[in-house]
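The structure that follows is given in the form of structure tokens.
Labels for the chains are A, B, C and D, by order of writing; each one numbers its residues from 1.
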Amino acid sequence: MKKIINNPENVVTEMLEGVVEAHPEYLKKLDGFHVLVRKDSPIKGKVALVSGGGSGHEPSHGGYVGTGMLNGAVAGEVFTSPTPDQVLEAIKAVDGGKGVLLVIKNYTGDVMNFEMAAEMAAMDNIKVEKVVVNDDVAVENSTYTAGRRGVAGTVFIHKIAGAAAEEGRDLSEVKKVAEKVIENVRSMGMSLDACIVPAAGKKGFILEADEVEIGLGIHGEPGVSKEKIKTADEHTEELMNKILEDIQIEKGEEVAVMVNGLGATPLMELYIVNRKVAEIMKAKEIKIANTFVGNFMTSLEMPGFSISILKLDDELKKLLNAKADTPAFKQF
Amino acid sequence: MKKIINNPENVVTEMLEGVVEAHPEYLKKLDGFHVLVRKDSPIKGKVALVSGGGSGHEPSHGGYVGTGMLNGAVAGEVFTSPTPDQVLEAIKAVDGGKGVLLVIKNYTGDVMNFEMAAEMAAMDNIKVEKVVVNDDVAVENSTYTAGRRGVAGTVFIHKIAGAAAEEGRDLSEVKKVAEKVIENVRSMGMSLDACIVPAAGKKGFILEADEVEIGLGIHGEPGVSKEKIKTADEHTEELMNKILEDIQIEKGEEVAVMVNGLGATPLMELYIVNRKVAEIMKAKEIKIANTFVGNFMTSLEMPGFSISILKLDDELKKLLNAKADTPAFKQF
Amino acid sequence: MIDNKKLLDVLNNIGDRIIENKMVLNDLDTAIGDGDHGINMSRGFTNVKDKLKDLEGKDCTTILNTVAMTLISTVGGASGPLYGTAFMKSAAAVKGMESIDSKAFLSILKASIDGIQMRGKAVKGEKTILDSLIPAYEAYEKSLSDEESGTKALEQAVIAARDGVEYTKTIKATKGRASYLGDRSIGHADPGATSTKLILEAILEVL
Amino acid sequence: MIDNKKLLDVLNNIGDRIIENKMVLNDLDTAIGDGDHGINMSRGFTNVKDKLKDLEGKDCTTILNTVAMTLISTVGGASGPLYGTAFMKSAAAVKGMESIDSKAFLSILKASIDGIQMRGKAVKGEKTILDSLIPAYEAYEKSLSDEESGTKALEQAVIAARDGVEYTKTIKATKGRASYLGDRSIGHADPGATSTKLILEAILEVL
């Protein structure tokens, strides 16, 4: 394992220290916790958003702490859900009296740990609501799975629900708009290789020189199937078909597109994928209103990408285009 | 070679198409050329900035086309300087009557091709000036080399000279401020592995499992030496020492820091490096006014990083903090 | 009979066995999950062992509650809340008791199952912790009702847990991260079921 | 004697040899540069070969100028402006001539050197194109002044170019990208010197 790290056991702590050194104008770290919150926390009279999960998804989630997105981000160990006491601390630090919305990605561990924190916060008389993001169409949403996973589409929830909170909406309204985004966003990813969790020291799965992993989550775990590598256009078409099978989008409707790098994918390749996404949408006469290309929700140094499609209406469009100012997502 | 591409020969064309699809609000592509220019080009009465180089450095340079940075970016083949006719086309498309500043990274090919373009533009009666960035302290600036290379520090020139141009300064003044940045910025990088140029199909150099390449450029070429891998802190210290040996920075002076990923480096690792950079600067009582952590000047999927340090004065500080709005660099 | 002193020995031994088997559990989780179950559990039990030092002389409920809180606040992932809740419910199950006899241990097993099901909403046969814990509970109960000794009953429980782990190899996961693999999860033992088996073995060793 | 018809054959053959040796040149550039010299040169000459189709009946200067512009606009890198300028100066050197005799070829070699030095500011011994081109020019000149035939002179030039390539293995690069390697550039032949040698060999083949 070749990595630019010190001790594998300290990667999360040291990373958070580096984040705070880099972005003191946006955020601060809660002493003794792996929690980043807005520098101006708590903000009185506004609903606060808290998200988080395992580390290794940077810039998620700390990179989205700032105006118009998250108020707090909780960082677990690498690819491991954070513990409830950490989440609770984030909730307490950001609550400005109007309540806190937890944005949880649907993984058994994330859901359980955030739920426990919500129960604890309720005992402290903090209003807490939660939404569970499950945008990954690779996984069947059936009784035979733990339900669809939450992946890169989560960033759209941060952005849009964050904008709604910034507008001064109530907790129930912010939750409602977050749920609307969840209903309308679908994602799917693929990868050319695995990544290495520092503490584990070896790859999560092994692929042949001509194989790719299709439909994988964001925790370095294997996907739903292995395939022979094809062209970027073919893989893009395959992912887009799965996504568009799952969500009805009519001619003339508008969407936002996110082509997300998993960590080691050159931006060049992401743009090549985006070219094909645009071509497919043009053929279907679906209008792309916003496109985001880059590393938004990564899996350490995984060489792969995911595509997320969010179906827009006027409300979502307005909130998506609202101002945001965070270390990793800025928009005028 | 496993890559998310179609035909290796078309990567640049297809990438540029993907860029235009993603960011039509910022830029457009010149028909028949690998040139991206601001959507509102030419802007009358303002000095225009043109940069470029081989492709594979994304988001450099097309990602910096927008308000407060570049007016045009010329994309060569992967890691190959663009040809003079392409550069000329960019110059012609962005010139708004106040002249054009070419920001060139010091590589033999880049310098010659941009110079030829400047000569051609002069024949068309366009005022053209050029600056050559040479921030890489890994390379000795002696008669025994082609001079120090231009690497990630170039982004500071784009930002600061771009802000000066946006203010309405004259060509000679914009050039002067660009030269001031060049005088005050130093960089150095290292990598854990090589990258693969699509058309070449194999790695540019081979490292053992415990070796790293120190002082490498941004074109996939080998560096100035191989070393055994050490901790992130040790490597950071090594690069910082080289940088701070080369540029005199006194106690109490201010700098901007860029910890730049070369393409496949997890943001986690870049922040771990930044933590150490901040620690070193604190010990030296040098104040870090701005920190940029991310992929600004990459080498395809190279797993490595570079550190750039820019010594600031009041003028540079003000221009660095000025508003910028481009696909890859936004600042309120 | 486990008094509060012995309970510390038991918990220390559980910690040792889990930490020893870090890589084993990790490799199992690499095959069908995200390769961190060993890291998570051994991080948790390293902290538990540390906490145990300050618990000499405390009652069983306090000890088990401390273990619960430590696991909840240091394991993370799916296993943290699950094992944490199991220990928390176990602490409640022995509230007021000076020591844990075989009947109390039966109620600990039952409380653990209830706690895990409350949190994780899984049933037997979904390739989880429950697939070694429920058979272990059933075997322990049967052995006691056959009037065998507590030790004998625990031996039966361990055997049942081992069989449970073997059984998990034959089934498809429908809960937890492994469920995303669909049929690809078949053929691999479940990490959580395995760590539960290790815990039961570690208890038996000290008795 | 190379008339405009023969010139097209010569240039086509140069193109073929460069394209054939794409990987050879690339591997040389991988060792001490950025591994694209073969890609760059063969991209350029693929375009040149394409352009040659439309140049039948044109005069030598027009043909060479077209080659120059094509190389300049399609090769990029360091080699594009250098070879482009060499061909541009060569075109000027034969201005007005119906065909290229050995004296004209001498002036082409000289003009190429001048053009490359004007652009690249290198001298002999810096591990560049010039390390095969200058010896080739000198050998050609000497052979002509010894009153040998143009073909014989070109044979001498090719031999000198080959020796020049060998010589580049022994020296450290001080110009171009390879100069960043310092002593690590020693032991490898220079890609540009090698492509120049290939060009001269290709000319000799057709004469």
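Here is the rule we go by: contacts are C-beta pairs under 8 Å (C-beta built on N, C-alpha and C of every residue); 3 or more make two chains touch, one makes a residue touch a chain.
The structure displayed is predicted, hence computed values, not measured ones.
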Worksheet item: Could you state the distance in Å from the CA-based centre of subunit A to that of subunit D?
Response: 54
Worksheet item: What is the distance in Å between the mean C-alpha positions of subunit B and subunit D?
Response: 32
Item to complete: Starting from the mean Cα coordinates of subunit C and subunit D, work out the distance between those two points in Å.
Response: 76
Worksheet, complete the sentence: Multi-chain contacts in subunit A, i.e. residues touching at least two other chains, fall at none
Worksheet item: Among the residues of subunit C, which are close enough to touch at least two other chains?
Response: none
Worksheet item: Looking only at which chains touch which, which shape fits best: line, ring, star, complete or other?
Response: line
Worksheet item: Can you name every chain pair that touches?
Response: A-B, A-C, B-D
Worksheet item: Residues of subunit B touching subunit D in their complex?
Response: 54, 76-86, 107-109, 112-113, 116, 138-140, 143-146, 149, 197, 199-200, 202, 204-205, 217, 219-222, 224
Practice prompt. Spell out the part of subunit C that touches subunit A in their complex, as residue ranges.
Written response: 26, 30, 33-36, 39-40, 43, 72-82, 119-120, 172, 174-177, 179-182, 184
Discussion item. Touching residues of subunit B toward subunit A in the complex: what are they?
Written reply: 2-6, 11, 14-19, 21-23, 55-56, 58-59, 63, 192-193, 209-210, 212, 229, 231-233, 235, 259, 263-275, 277-278, 288, 291-295, 298, 300-301, 303-305, 325, 328, 330-332
